[in-house]
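In what follows, structures are represented as C-alpha coordinates.
Same chain, two partners: chain A is paired with chain B first, then with chain C.
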Partner chain A sequence: MTTTKSVSIEADKNVPLVRITRDFASTPAQLFRAHTERGLFAQWAGPDGMDNRIDYWDARTGGSWRYVARRDGQEFAFHGSFHEISPERLVQTFTYEGVPDGVALETLWFEDLGGGRTRLHAQSLVDSFEARDAFLGSGMEVGIEQGYAKLDELLASGDV
Partner chain B sequence: MADQLSQVFAALADPTRRDLVARLTDGDATVGELAEPYAVSVQAVSKHLKVLEQAGLVSRSGGTHRSPVHLEAQVFDLATAWLERYRRQAEARYRRLDAVLAALTDDAGTAGAHTTESRESA
Partner chain C sequence: MTTTKSVSIEADKNVPLVRITRDFASTPAQLFRAHTERGLFAQWAGPDGMDNRIDYWDARTGGSWRYVARRDGQEFAFHGSFHEISPERLVQTFTYEGVPDGVALETLWFEDLGGGRTRLHAQSLVDSFEARDAFLGSGMEVGIEQGYAKLDELLASGDV
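The block that comes next holds the complex of A and B.
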(Lines of atoms letter the chains of each structure in order from A and count residues from 1; the text may use other names and numbers.)
(Lines give C-alpha, C1' and ligand atoms only; values in the text may rest on other atoms or scores of the structure.)
Protein backbone atom coordinates (compact mmCIF):
# COMPACT_ATOMS: atom_id res chain seq x y z
CA MET A 1 0.00 0.00 0.00
CA THR A 2 3.00 2.27 -0.43
CA THR A 3 2.04 3.15 -3.99
CA THR A 4 1.37 6.84 -4.23
CA LYS A 5 -1.06 7.80 -6.92
CA SER A 6 0.43 11.16 -7.61
CA VAL A 7 -0.13 11.32 -11.37
CA SER A 8 -3.63 12.42 -12.10
CA ILE A 9 -4.92 11.47 -15.55
CA GLU A 10 -8.16 12.31 -17.25
CA ALA A 11 -9.51 11.33 -20.67
CA ASP A 12 -11.86 14.01 -21.96
CA LYS A 13 -15.32 12.75 -22.97
CA ASN A 14 -15.95 15.28 -25.74
CA VAL A 15 -12.60 15.68 -27.49
CA PRO A 16 -9.80 13.11 -27.97
CA LEU A 17 -7.68 14.67 -25.28
CA VAL A 18 -5.71 13.28 -22.34
CA ARG A 19 -4.82 15.54 -19.42
CA ILE A 20 -2.12 14.77 -16.89
CA THR A 21 -1.10 16.69 -13.79
CA ARG A 22 1.77 15.86 -11.47
CA ASP A 23 3.41 17.81 -8.62
CA PHE A 24 7.18 18.15 -8.31
CA ALA A 25 9.50 19.33 -5.54
CA SER A 26 11.18 21.84 -7.81
CA THR A 27 10.74 25.24 -9.37
CA PRO A 28 9.03 25.94 -12.72
CA ALA A 29 12.45 26.97 -14.08
CA GLN A 30 13.95 23.57 -13.18
CA LEU A 31 11.05 21.72 -14.80
CA PHE A 32 11.47 23.87 -17.88
CA ARG A 33 15.15 22.88 -18.04
CA ALA A 34 14.36 19.18 -17.60
CA HIS A 35 11.98 19.37 -20.56
CA THR A 36 14.15 21.42 -22.90
CA GLU A 37 17.80 20.51 -22.20
CA ARG A 38 18.89 17.56 -24.29
CA GLY A 39 21.08 15.88 -21.66
CA LEU A 40 18.47 16.22 -18.91
CA PHE A 41 15.53 15.10 -21.06
CA ALA A 42 17.35 11.92 -22.15
CA GLN A 43 17.62 10.84 -18.52
CA TRP A 44 13.92 10.54 -17.87
CA ALA A 45 11.90 10.49 -21.11
CA GLY A 46 10.25 7.53 -22.76
CA PRO A 47 8.93 4.20 -21.50
CA ASP A 48 10.31 2.63 -18.32
CA GLY A 49 13.49 0.57 -18.46
CA MET A 50 14.76 1.98 -21.75
CA ASP A 51 17.94 3.71 -22.86
CA ASN A 52 17.32 6.87 -24.80
CA ARG A 53 19.50 8.12 -27.60
CA ILE A 54 18.70 11.63 -28.75
CA ASP A 55 19.05 11.76 -32.52
CA TYR A 56 18.51 15.51 -32.84
CA TRP A 57 17.26 18.13 -30.45
CA ASP A 58 16.70 21.79 -31.28
CA ALA A 59 14.61 23.14 -28.41
CA ARG A 60 13.53 26.50 -29.76
CA THR A 61 10.30 27.71 -31.32
CA GLY A 62 10.22 26.15 -34.80
CA GLY A 63 12.87 23.55 -33.93
CA SER A 64 12.55 19.76 -34.08
CA TRP A 65 13.49 16.69 -32.09
CA ARG A 66 13.89 12.93 -32.45
CA TYR A 67 14.93 10.23 -30.03
CA VAL A 68 15.21 6.46 -30.05
CA ALA A 69 14.36 4.38 -26.98
CA ARG A 70 16.00 0.96 -26.84
CA ARG A 71 15.37 -2.17 -24.77
CA ASP A 72 16.47 -5.77 -25.37
CA GLY A 73 17.48 -5.02 -28.95
CA GLN A 74 14.12 -3.43 -29.72
CA GLU A 75 13.97 0.19 -30.80
CA PHE A 76 11.13 2.68 -30.59
CA ALA A 77 11.62 6.03 -32.27
CA PHE A 78 9.74 9.28 -31.67
CA HIS A 79 9.94 12.63 -33.35
CA GLY A 80 8.18 15.98 -33.50
CA SER A 81 8.51 19.74 -33.69
CA PHE A 82 8.81 22.37 -31.03
CA HIS A 83 5.95 24.69 -31.94
CA GLU A 84 6.47 27.04 -29.02
CA ILE A 85 9.18 27.15 -26.39
CA SER A 86 8.64 29.76 -23.72
CA PRO A 87 8.91 29.74 -19.92
CA GLU A 88 5.11 29.99 -19.77
CA ARG A 89 4.37 26.96 -21.89
CA LEU A 90 5.76 24.34 -24.23
CA VAL A 91 3.81 23.31 -27.32
CA GLN A 92 5.10 20.46 -29.44
CA THR A 93 4.03 17.67 -31.74
CA PHE A 94 4.68 14.01 -30.96
CA THR A 95 4.77 11.06 -33.35
CA TYR A 96 5.59 7.46 -32.48
CA GLU A 97 7.26 6.22 -35.65
CA GLY A 98 5.60 2.81 -35.27
CA VAL A 99 2.39 4.66 -36.20
CA PRO A 100 3.86 7.22 -38.62
CA ASP A 101 0.54 8.83 -39.60
CA GLY A 102 -0.41 9.52 -36.01
CA VAL A 103 0.47 12.84 -34.42
CA ALA A 104 -0.38 14.31 -31.05
CA LEU A 105 -0.33 17.98 -30.14
CA GLU A 106 1.15 18.36 -26.67
CA THR A 107 0.85 21.43 -24.48
CA LEU A 108 2.68 21.66 -21.16
CA TRP A 109 2.79 24.35 -18.56
CA PHE A 110 4.22 24.68 -15.06
CA GLU A 111 2.09 26.05 -12.25
CA ASP A 112 4.10 27.50 -9.36
CA LEU A 113 2.56 26.17 -6.12
CA GLY A 114 5.00 28.12 -3.94
CA GLY A 115 7.38 26.65 -1.37
CA GLY A 116 9.53 25.08 -4.08
CA ARG A 117 6.70 23.01 -5.49
CA THR A 118 5.39 23.06 -9.05
CA ARG A 119 2.44 21.38 -10.73
CA LEU A 120 3.08 20.10 -14.23
CA HIS A 121 0.07 20.24 -16.56
CA ALA A 122 0.42 18.20 -19.74
CA GLN A 123 -2.32 17.70 -22.27
CA SER A 124 -2.17 15.64 -25.40
CA LEU A 125 -4.64 16.05 -28.26
CA VAL A 126 -4.90 13.42 -31.00
CA ASP A 127 -7.03 13.35 -34.15
CA SER A 128 -9.64 10.75 -33.20
CA PHE A 129 -11.06 8.87 -30.23
CA GLU A 130 -9.77 5.71 -31.85
CA ALA A 131 -6.23 7.11 -31.86
CA ARG A 132 -6.63 8.32 -28.28
CA ASP A 133 -7.79 4.90 -27.11
CA ALA A 134 -5.00 3.19 -29.02
CA PHE A 135 -2.56 5.64 -27.42
CA LEU A 136 -3.90 4.85 -23.96
CA GLY A 137 -4.22 1.17 -24.73
CA SER A 138 -0.83 0.55 -26.29
CA GLY A 139 1.92 1.95 -24.09
CA MET A 140 4.30 -0.22 -26.09
CA GLU A 141 3.96 -3.55 -24.29
CA VAL A 142 4.91 -2.23 -20.87
CA GLY A 143 2.38 -3.66 -18.48
CA ILE A 144 0.21 -4.94 -21.30
CA GLU A 145 0.07 -8.31 -19.54
CA GLN A 146 -1.69 -6.66 -16.61
CA GLY A 147 -4.31 -5.28 -18.96
CA TYR A 148 -4.83 -8.71 -20.50
CA ALA A 149 -4.86 -10.40 -17.10
CA LYS A 150 -7.67 -8.07 -16.12
CA LEU A 151 -9.50 -8.86 -19.34
CA ASP A 152 -8.98 -12.58 -18.76
CA GLU A 153 -10.53 -12.21 -15.32
CA LEU A 154 -13.44 -10.31 -16.73
CA LEU A 155 -14.12 -12.85 -19.45
CA ALA A 156 -13.60 -15.78 -17.07
CA SER A 157 -16.14 -14.31 -14.66
CA GLY A 158 -18.78 -14.77 -17.34
CA ASP A 159 -20.04 -11.25 -16.82
CA VAL A 160 -19.26 -10.18 -20.38
CA MET B 1 -8.29 -11.68 -25.78
CA ALA B 2 -6.72 -8.85 -27.73
CA ASP B 3 -9.56 -9.11 -30.25
CA GLN B 4 -12.16 -8.54 -27.57
CA LEU B 5 -10.37 -5.42 -26.41
CA SER B 6 -10.00 -4.15 -29.98
CA GLN B 7 -13.74 -4.68 -30.39
CA VAL B 8 -14.41 -2.56 -27.32
CA PHE B 9 -12.21 0.25 -28.58
CA ALA B 10 -13.59 0.00 -32.13
CA ALA B 11 -17.17 0.01 -30.84
CA LEU B 12 -16.51 3.19 -28.88
CA ALA B 13 -14.72 4.91 -31.77
CA ASP B 14 -18.09 5.79 -33.37
CA PRO B 15 -19.81 8.97 -32.09
CA THR B 16 -23.36 7.56 -32.42
CA ARG B 17 -22.40 4.49 -30.41
CA ARG B 18 -20.69 6.62 -27.77
CA ASP B 19 -23.90 8.63 -27.55
CA LEU B 20 -26.00 5.47 -27.19
CA VAL B 21 -23.70 4.30 -24.40
CA ALA B 22 -23.92 7.70 -22.69
CA ARG B 23 -27.73 7.51 -22.75
CA LEU B 24 -27.74 3.97 -21.39
CA THR B 25 -25.82 5.17 -18.33
CA ASP B 26 -29.13 6.76 -17.29
CA GLY B 27 -30.83 3.38 -17.36
CA ASP B 28 -32.08 0.62 -19.67
CA ALA B 29 -33.98 1.65 -22.81
CA THR B 30 -35.65 -0.09 -25.74
CA VAL B 31 -34.33 0.17 -29.30
CA GLY B 32 -37.31 2.36 -30.17
CA GLU B 33 -36.56 4.76 -27.31
CA LEU B 34 -32.90 4.89 -28.27
CA ALA B 35 -33.71 5.59 -31.93
CA GLU B 36 -36.11 8.44 -31.13
CA PRO B 37 -33.68 11.40 -31.07
CA TYR B 38 -31.92 10.33 -34.29
CA ALA B 39 -32.83 11.04 -37.89
CA VAL B 40 -32.07 7.39 -38.64
CA SER B 41 -34.12 4.23 -38.74
CA VAL B 42 -34.63 1.81 -35.87
CA GLN B 43 -32.74 -0.66 -38.08
CA ALA B 44 -29.67 1.64 -38.17
CA VAL B 45 -29.72 1.97 -34.38
CA SER B 46 -30.14 -1.80 -34.12
CA LYS B 47 -27.00 -2.20 -36.20
CA HIS B 48 -25.04 0.06 -33.83
CA LEU B 49 -26.41 -1.85 -30.84
CA LYS B 50 -25.29 -5.10 -32.43
CA VAL B 51 -21.70 -3.79 -32.58
CA LEU B 52 -21.92 -2.72 -28.93
CA GLU B 53 -23.41 -6.09 -28.02
CA GLN B 54 -20.64 -8.03 -29.80
CA ALA B 55 -18.06 -5.98 -27.92
CA GLY B 56 -19.79 -6.95 -24.67
CA LEU B 57 -20.71 -3.35 -23.88
CA VAL B 58 -24.47 -3.87 -23.88
CA SER B 59 -26.83 -6.80 -23.51
CA ARG B 60 -30.47 -7.47 -24.38
CA SER B 61 -32.69 -9.71 -22.31
CA GLY B 62 -34.85 -10.60 -25.32
CA GLY B 63 -34.73 -10.61 -29.07
CA THR B 64 -37.52 -8.13 -29.83
CA HIS B 65 -37.39 -4.38 -30.32
CA ARG B 66 -39.27 -3.99 -27.05
CA SER B 67 -36.58 -5.77 -25.07
CA PRO B 68 -34.66 -3.33 -22.90
CA VAL B 69 -31.00 -2.73 -23.74
CA HIS B 70 -28.72 -2.86 -20.71
CA LEU B 71 -25.28 -1.26 -20.35
CA GLU B 72 -22.62 -3.69 -19.11
CA ALA B 73 -20.91 -1.18 -16.83
CA GLN B 74 -18.11 -3.53 -15.75
CA VAL B 75 -16.60 -3.37 -19.23
CA PHE B 76 -15.83 0.26 -18.49
CA ASP B 77 -13.85 -0.86 -15.45
CA LEU B 78 -11.63 -2.52 -18.03
CA ALA B 79 -11.18 0.81 -19.81
CA THR B 80 -10.41 2.34 -16.41
CA ALA B 81 -7.81 -0.37 -15.85
CA TRP B 82 -6.09 0.63 -19.08
CA LEU B 83 -6.15 4.25 -18.01
CA GLU B 84 -4.63 3.20 -14.69
CA ARG B 85 -1.88 1.33 -16.52
CA TYR B 86 -1.11 4.43 -18.57
CA ARG B 87 -1.09 6.46 -15.36
CA ARG B 88 1.43 4.09 -13.80
CA GLN B 89 3.71 4.42 -16.82
CA ALA B 90 3.53 8.20 -16.55
CA GLU B 91 4.30 7.93 -12.84
CA ALA B 92 7.39 5.78 -13.53
CA ARG B 93 8.59 8.38 -16.03
CA TYR B 94 7.99 11.25 -13.63
CA ARG B 95 9.86 9.46 -10.83
CA ARG B 96 12.89 9.50 -13.09
CA LEU B 97 12.21 13.20 -13.64
CA ASP B 98 12.10 13.63 -9.83
CA ALA B 99 15.63 12.22 -9.67
CA VAL B 100 16.83 14.52 -12.46
CA LEU B 101 15.28 17.51 -10.68
CA ALA B 102 16.79 16.43 -7.33
CA ALA B 103 20.22 16.54 -8.98
CA LEU B 104 19.47 20.08 -10.17
CA THR B 105 18.37 20.99 -6.63
CA ASP B 106 21.63 19.53 -5.28
CA ASP B 107 23.55 21.94 -7.51
CA ALA B 108 21.64 24.79 -5.90
CA GLY B 109 22.28 23.20 -2.48
CA THR B 110 26.02 23.17 -3.17
CA ALA B 111 25.84 26.88 -3.89
CA GLY B 112 24.01 27.28 -0.56
CA ALA B 113 26.72 25.30 1.23
CA HIS B 114 29.34 27.68 -0.17
CA THR B 115 27.36 30.56 1.30
CA THR B 116 27.31 28.81 4.69
CA GLU B 117 31.05 28.22 4.45
CA SER B 118 31.75 31.85 3.73
CA ARG B 119 29.51 32.83 6.64
CA GLU B 120 31.43 30.44 8.88
CA SER B 121 34.75 31.80 7.75
CA ALA B 122 33.57 35.37 8.18
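The block that comes next holds the complex of A and C.
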Protein backbone atom coordinates (compact mmCIF):
# COMPACT_ATOMS: atom_id res chain seq x y z
CA MET A 1 0.00 0.00 0.00
CA THR A 2 1.30 3.45 -0.84
CA THR A 3 0.19 6.78 0.46
CA THR A 4 0.98 10.29 -0.60
CA LYS A 5 3.12 11.46 2.27
CA SER A 6 3.29 15.10 1.36
CA VAL A 7 1.11 17.61 3.14
CA SER A 8 -0.47 20.45 1.19
CA ILE A 9 -0.71 23.77 3.04
CA GLU A 10 -2.58 26.40 1.04
CA ALA A 11 -3.56 29.98 1.80
CA ASP A 12 -6.98 30.95 0.42
CA LYS A 13 -6.86 33.95 -1.93
CA ASN A 14 -10.07 35.60 -0.74
CA VAL A 15 -10.54 34.86 2.96
CA PRO A 16 -8.06 34.59 5.86
CA LEU A 17 -8.09 30.83 5.79
CA VAL A 18 -5.43 28.11 5.58
CA ARG A 19 -6.33 24.73 4.06
CA ILE A 20 -4.35 21.60 4.84
CA THR A 21 -4.75 18.24 3.11
CA ARG A 22 -2.85 15.01 3.78
CA ASP A 23 -3.49 11.40 2.77
CA PHE A 24 -3.21 8.55 5.26
CA ALA A 25 -3.22 4.75 5.07
CA SER A 26 -6.27 4.49 7.30
CA THR A 27 -10.04 4.50 7.38
CA PRO A 28 -11.97 7.69 8.17
CA ALA A 29 -12.96 6.09 11.50
CA GLN A 30 -9.31 5.61 12.46
CA LEU A 31 -8.46 9.24 11.64
CA PHE A 32 -11.49 10.34 13.65
CA ARG A 33 -10.27 8.35 16.66
CA ALA A 34 -6.70 9.66 16.29
CA HIS A 35 -8.07 13.23 16.49
CA THR A 36 -10.62 12.75 19.27
CA GLU A 37 -9.20 10.16 21.68
CA ARG A 38 -7.04 11.82 24.29
CA GLY A 39 -4.43 9.10 24.57
CA LEU A 40 -4.03 8.79 20.80
CA PHE A 41 -3.87 12.52 20.04
CA ALA A 42 -1.12 13.04 22.62
CA GLN A 43 1.07 10.49 20.86
CA TRP A 44 1.31 12.20 17.48
CA ALA A 45 0.45 15.92 17.65
CA GLY A 46 3.23 18.43 17.09
CA PRO A 47 6.86 18.31 16.04
CA ASP A 48 9.42 15.63 16.91
CA GLY A 49 10.71 15.53 20.46
CA MET A 50 7.65 17.16 22.00
CA ASP A 51 6.06 15.56 25.02
CA ASN A 52 2.33 16.37 25.11
CA ARG A 53 0.61 16.48 28.47
CA ILE A 54 -3.19 16.69 28.13
CA ASP A 55 -4.56 19.00 30.80
CA TYR A 56 -8.24 18.38 29.96
CA TRP A 57 -9.96 16.75 26.99
CA ASP A 58 -13.70 16.32 26.60
CA ALA A 59 -14.23 15.36 22.96
CA ARG A 60 -17.96 15.89 22.58
CA THR A 61 -20.00 18.71 21.01
CA GLY A 62 -19.77 21.47 23.62
CA GLY A 63 -16.68 20.04 25.33
CA SER A 64 -13.25 21.64 25.58
CA TRP A 65 -9.57 20.75 25.59
CA ARG A 66 -6.14 21.97 26.69
CA TYR A 67 -2.68 20.49 26.36
CA VAL A 68 0.88 21.50 27.09
CA ALA A 69 3.72 20.50 24.74
CA ARG A 70 7.17 20.35 26.31
CA ARG A 71 10.65 20.10 24.82
CA ASP A 72 14.04 21.02 26.30
CA GLY A 73 12.46 22.71 29.28
CA GLN A 74 10.21 24.91 27.12
CA GLU A 75 6.44 24.72 27.40
CA PHE A 76 3.83 25.62 24.78
CA ALA A 77 0.19 25.50 25.84
CA PHE A 78 -2.92 25.35 23.64
CA HIS A 79 -6.62 25.29 24.42
CA GLY A 80 -10.00 25.48 22.77
CA SER A 81 -13.56 24.25 22.55
CA PHE A 82 -15.11 21.40 20.58
CA HIS A 83 -17.99 23.13 18.79
CA GLU A 84 -18.96 19.94 16.93
CA ILE A 85 -17.79 16.36 17.18
CA SER A 86 -19.59 14.20 14.64
CA PRO A 87 -18.53 11.45 12.22
CA GLU A 88 -18.93 13.99 9.39
CA ARG A 89 -16.65 16.67 10.77
CA LEU A 90 -14.87 18.20 13.72
CA VAL A 91 -15.25 21.93 14.40
CA GLN A 92 -13.13 23.40 17.14
CA THR A 93 -11.57 26.62 18.34
CA PHE A 94 -7.81 26.89 18.83
CA THR A 95 -5.69 29.32 20.83
CA TYR A 96 -1.92 29.16 21.35
CA GLU A 97 -1.54 30.66 24.78
CA GLY A 98 1.66 32.47 23.78
CA VAL A 99 -0.66 34.69 21.70
CA PRO A 100 -3.66 34.67 24.05
CA ASP A 101 -5.79 37.07 21.97
CA GLY A 102 -5.46 34.92 18.87
CA VAL A 103 -8.14 32.40 18.07
CA ALA A 104 -8.75 30.21 15.04
CA LEU A 105 -11.87 28.32 14.03
CA GLU A 106 -10.80 24.93 12.72
CA THR A 107 -12.85 22.45 10.68
CA LEU A 108 -11.62 18.94 9.87
CA TRP A 109 -13.19 16.19 7.78
CA PHE A 110 -12.08 12.82 6.49
CA GLU A 111 -12.63 11.86 2.86
CA ASP A 112 -12.69 8.11 2.18
CA LEU A 113 -10.50 7.49 -0.89
CA GLY A 114 -11.19 3.73 -0.85
CA GLY A 115 -8.61 0.96 -0.59
CA GLY A 116 -7.83 1.82 3.04
CA ARG A 117 -6.82 5.37 2.27
CA THR A 118 -8.33 8.56 3.63
CA ARG A 119 -7.71 12.22 2.87
CA LEU A 120 -7.66 14.56 5.86
CA HIS A 121 -9.02 18.04 5.10
CA ALA A 122 -8.41 20.75 7.67
CA GLN A 123 -9.14 24.46 7.46
CA SER A 124 -8.17 27.15 9.92
CA LEU A 125 -9.98 30.51 9.82
CA VAL A 126 -8.84 33.71 11.54
CA ASP A 127 -10.18 37.26 11.42
CA SER A 128 -7.41 39.00 9.48
CA PHE A 129 -4.89 38.30 6.72
CA GLU A 130 -2.15 39.60 9.04
CA ALA A 131 -2.97 36.89 11.62
CA ARG A 132 -3.20 34.25 8.89
CA ASP A 133 0.16 35.23 7.39
CA ALA A 134 1.80 35.33 10.83
CA PHE A 135 0.56 31.77 11.35
CA LEU A 136 1.93 30.70 7.95
CA GLY A 137 5.26 32.38 8.72
CA SER A 138 5.61 30.80 12.15
CA GLY A 139 7.30 27.61 10.98
CA MET A 140 4.11 25.68 11.75
CA GLU A 141 4.61 23.42 8.71
CA VAL A 142 7.43 21.58 10.51
CA GLY A 143 5.12 20.61 13.37
CA ILE A 144 2.38 19.62 10.95
CA GLU A 145 4.64 17.47 8.77
CA GLN A 146 6.42 15.80 11.69
CA GLY A 147 3.14 15.28 13.54
CA TYR A 148 1.53 13.59 10.55
CA ALA A 149 4.62 11.38 10.09
CA LYS A 150 4.14 10.25 13.71
CA LEU A 151 0.46 9.68 12.96
CA ASP A 152 1.49 7.46 9.98
CA GLU A 153 3.55 5.34 12.39
CA LEU A 154 0.77 5.18 14.96
CA LEU A 155 -1.70 4.04 12.30
CA ALA A 156 0.80 1.44 11.03
CA SER A 157 1.27 0.10 14.55
CA GLY A 158 -2.33 -1.11 14.66
CA ASP A 159 -3.03 0.78 17.90
CA VAL A 160 -5.73 3.06 16.43
CA MET B 1 -29.04 60.46 30.45
CA THR B 2 -29.14 59.86 26.71
CA THR B 3 -27.83 56.99 24.72
CA THR B 4 -27.44 56.45 21.03
CA LYS B 5 -30.11 53.89 20.35
CA SER B 6 -29.15 53.05 16.82
CA VAL B 7 -27.24 49.90 16.11
CA SER B 8 -24.48 49.91 13.49
CA ILE B 9 -24.18 46.74 11.41
CA GLU B 10 -21.22 46.84 9.07
CA ALA B 11 -19.78 44.33 6.61
CA ASP B 12 -15.99 44.30 6.48
CA LYS B 13 -14.58 44.96 3.00
CA ASN B 14 -11.72 42.47 3.15
CA VAL B 15 -12.76 39.55 5.31
CA PRO B 16 -16.12 37.71 5.76
CA LEU B 17 -16.89 39.50 8.97
CA VAL B 18 -19.84 41.53 10.29
CA ARG B 19 -19.23 44.20 12.93
CA ILE B 20 -22.00 45.40 15.22
CA THR B 21 -21.77 48.34 17.62
CA ARG B 22 -24.46 49.67 19.96
CA ASP B 23 -24.32 52.06 22.93
CA PHE B 24 -26.09 51.31 26.20
CA ALA B 25 -26.86 53.21 29.41
CA SER B 26 -24.91 50.76 31.52
CA THR B 27 -21.52 49.85 32.85
CA PRO B 28 -19.32 47.27 31.10
CA ALA B 29 -19.94 44.91 34.05
CA GLN B 30 -23.70 45.14 33.54
CA LEU B 31 -23.39 44.35 29.82
CA PHE B 32 -21.09 41.46 30.69
CA ARG B 33 -23.71 40.05 33.08
CA ALA B 34 -26.53 40.55 30.57
CA HIS B 35 -24.57 38.44 28.07
CA THR B 36 -23.34 35.71 30.39
CA GLU B 37 -26.04 35.13 33.02
CA ARG B 38 -28.55 32.60 31.80
CA GLY B 39 -31.63 34.20 33.33
CA LEU B 40 -30.74 37.66 32.05
CA PHE B 41 -29.79 36.63 28.52
CA ALA B 42 -33.09 34.77 28.05
CA GLN B 43 -35.02 37.96 28.82
CA TRP B 44 -33.68 40.12 26.00
CA ALA B 45 -32.12 38.07 23.18
CA GLY B 46 -33.91 38.03 19.82
CA PRO B 47 -36.87 39.76 18.25
CA ASP B 48 -40.08 40.81 19.99
CA GLY B 49 -42.53 38.11 20.94
CA MET B 50 -39.93 35.34 21.18
CA ASP B 51 -39.89 33.14 24.24
CA ASN B 52 -36.37 31.87 24.88
CA ARG B 53 -35.95 28.55 26.63
CA ILE B 54 -32.34 27.91 27.67
CA ASP B 55 -31.52 24.25 27.15
CA TYR B 56 -28.00 24.44 28.68
CA TRP B 57 -25.77 27.35 29.58
CA ASP B 58 -22.32 27.08 31.13
CA ALA B 59 -20.77 30.55 30.78
CA ARG B 60 -17.12 29.78 31.52
CA THR B 61 -14.10 29.39 29.24
CA GLY B 62 -14.62 25.93 27.73
CA GLY B 63 -18.33 25.80 28.51
CA SER B 64 -21.19 25.61 26.03
CA TRP B 65 -24.74 26.82 25.49
CA ARG B 66 -27.97 26.04 23.63
CA TYR B 67 -31.33 27.79 23.57
CA VAL B 68 -34.60 27.48 21.72
CA ALA B 69 -36.58 30.58 20.71
CA ARG B 70 -40.31 30.05 20.22
CA ARG B 71 -43.02 32.21 18.65
CA ASP B 72 -46.42 31.26 17.23
CA GLY B 73 -45.65 27.56 17.42
CA GLN B 74 -42.36 27.93 15.53
CA GLU B 75 -39.04 26.95 17.12
CA PHE B 76 -35.56 28.22 16.28
CA ALA B 77 -32.65 26.56 18.06
CA PHE B 78 -29.08 27.84 18.46
CA HIS B 79 -26.01 26.38 20.11
CA GLY B 80 -22.32 26.98 20.53
CA SER B 81 -19.27 26.95 22.76
CA PHE B 82 -17.81 29.60 25.02
CA HIS B 83 -14.17 29.71 23.90
CA GLU B 84 -13.34 32.57 26.28
CA ILE B 85 -15.28 34.26 29.04
CA SER B 86 -13.23 37.05 30.60
CA PRO B 87 -13.93 40.62 31.69
CA GLU B 88 -12.01 41.78 28.59
CA ARG B 89 -13.99 39.87 26.00
CA LEU B 90 -16.31 37.02 25.16
CA VAL B 91 -15.37 34.64 22.34
CA GLN B 92 -17.94 32.08 21.34
CA THR B 93 -19.08 29.89 18.47
CA PHE B 94 -22.61 30.18 17.09
CA THR B 95 -24.70 27.81 14.99
CA TYR B 96 -28.35 28.29 13.99
CA GLU B 97 -29.58 24.71 13.84
CA GLY B 98 -31.73 25.46 10.78
CA VAL B 99 -28.39 25.69 8.92
CA PRO B 100 -26.49 23.03 10.86
CA ASP B 101 -23.29 23.23 8.79
CA GLY B 102 -22.99 26.97 9.38
CA VAL B 103 -20.82 28.22 12.19
CA ALA B 104 -19.68 31.71 13.16
CA LEU B 105 -16.90 32.75 15.51
CA GLU B 106 -18.16 35.69 17.57
CA THR B 107 -16.13 38.12 19.66
CA LEU B 108 -17.75 40.70 21.95
CA TRP B 109 -16.20 43.42 24.08
CA PHE B 110 -17.49 46.32 26.11
CA GLU B 111 -15.94 49.78 25.78
CA ASP B 112 -16.46 52.06 28.77
CA LEU B 113 -17.53 55.48 27.40
CA GLY B 114 -17.73 57.00 30.88
CA GLY B 115 -20.79 58.63 32.43
CA GLY B 116 -22.57 55.30 32.79
CA ARG B 117 -22.46 54.54 29.08
CA THR B 118 -20.86 51.57 27.38
CA ARG B 119 -20.35 50.68 23.75
CA LEU B 120 -20.91 47.04 22.82
CA HIS B 121 -18.63 45.79 20.02
CA ALA B 122 -19.47 42.46 18.44
CA GLN B 123 -17.92 40.78 15.43
CA SER B 124 -19.07 37.65 13.70
CA LEU B 125 -16.66 35.77 11.41
CA VAL B 126 -17.59 33.08 8.89
CA ASP B 127 -15.55 31.24 6.27
CA SER B 128 -17.00 32.71 3.06
CA PHE B 129 -18.47 35.95 1.75
CA GLU B 130 -21.49 33.97 0.54
CA ALA B 131 -22.25 32.82 4.10
CA ARG B 132 -21.67 36.34 5.44
CA ASP B 133 -23.99 37.91 2.85
CA ALA B 134 -26.67 35.26 3.48
CA PHE B 135 -26.50 36.20 7.18
CA LEU B 136 -26.79 39.91 6.34
CA GLY B 137 -29.71 39.21 4.01
CA SER B 138 -31.59 37.06 6.51
CA GLY B 139 -33.40 39.90 8.24
CA MET B 140 -31.23 39.43 11.31
CA GLU B 141 -31.11 43.20 11.93
CA VAL B 142 -34.71 43.11 13.19
CA GLY B 143 -33.83 40.59 15.89
CA ILE B 144 -30.70 42.53 16.82
CA GLU B 145 -32.47 45.90 17.05
CA GLN B 146 -35.48 44.56 18.95
CA GLY B 147 -33.28 42.49 21.24
CA TYR B 148 -31.12 45.49 22.15
CA ALA B 149 -34.26 47.56 22.80
CA LYS B 150 -35.37 44.88 25.27
CA LEU B 151 -31.88 44.99 26.79
CA ASP B 152 -32.26 48.79 27.22
CA GLU B 153 -35.44 48.16 29.22
CA LEU B 154 -33.87 45.39 31.28
CA LEU B 155 -30.93 47.68 32.15
CA ALA B 156 -33.32 50.53 33.03
CA SER B 157 -35.28 48.21 35.32
CA GLY B 158 -32.32 47.87 37.68
CA ASP B 159 -32.40 44.06 37.51
CA VAL B 160 -28.92 43.68 35.95
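A few remarks follow.
Keep this in mind: the second predicted complex is superposed on the first by the 131 of 160 C-alpha atoms of A that agree within 3 Å, B and C clash if a C-alpha of one lies under 4 Å from a C-alpha of the other, contacts with A are read in each partner's own complex, and residues count from 1 in each chain.
Here, contacts are C-beta pairs under 8 Å (C-beta built on N, C-alpha and C of every residue); 3 or more make two chains touch, one makes a residue touch a chain.
Computed from a predicted structure; not experimentally measured.
Of the two partner chains, chain B is the only one touched by A:A45; chain C is not. When the two complexes are overlaid on their common chain A, residue A:H83 makes contact with chain C while staying clear of chain B. Shared-chain residue A:L105: touches chain C; no touch with chain B. Of the two partner chains, chain C is the only one touched by A:S64; chain B is not. Once the two complexes are overlaid on the shared chain, A:I20 sits against chain B while remaining clear of chain C. Shared-chain residue A:Q123: touches chain C; no touch with chain B. Of the two partner chains placed by the overlay, only chain B lies in contact with A:A11; chain C stays clear of it. Taking chain B and chain C in turn and counting the residues of chain A each one touches, the greater count comes from B.
Judged by the touch definition given at the top, the superposed model places A:L31 against chain B, while chain C stays out of reach. Within chain A, the residues touching chain B in one complex and chain C in the other are 128-129. Residue ranges on chain B touching chain A, taken from their complex, read 1-2, 4-5, 9-10, 12-13, 15, 18, 56, 72, 74-75, 77-78, 81-83, 85-94, 96-102, 104-105.
Those residues of chain C that touch chain A in the shared complex are 14-17, 56, 61-64, 66, 79-84, 91, 93, 95, 103, 105, 107, 123, 125, 127-129.
Of all residues in chain A, only 5-9, 11, 18, 20, 22, 24-26, 30-31, 33-34, 40, 43-48, 120, 128-130, 133-134, 136-137, 139, 142-144, 146-148, 150-152, 154-155, 159-160 touch chain B in the complex they form.
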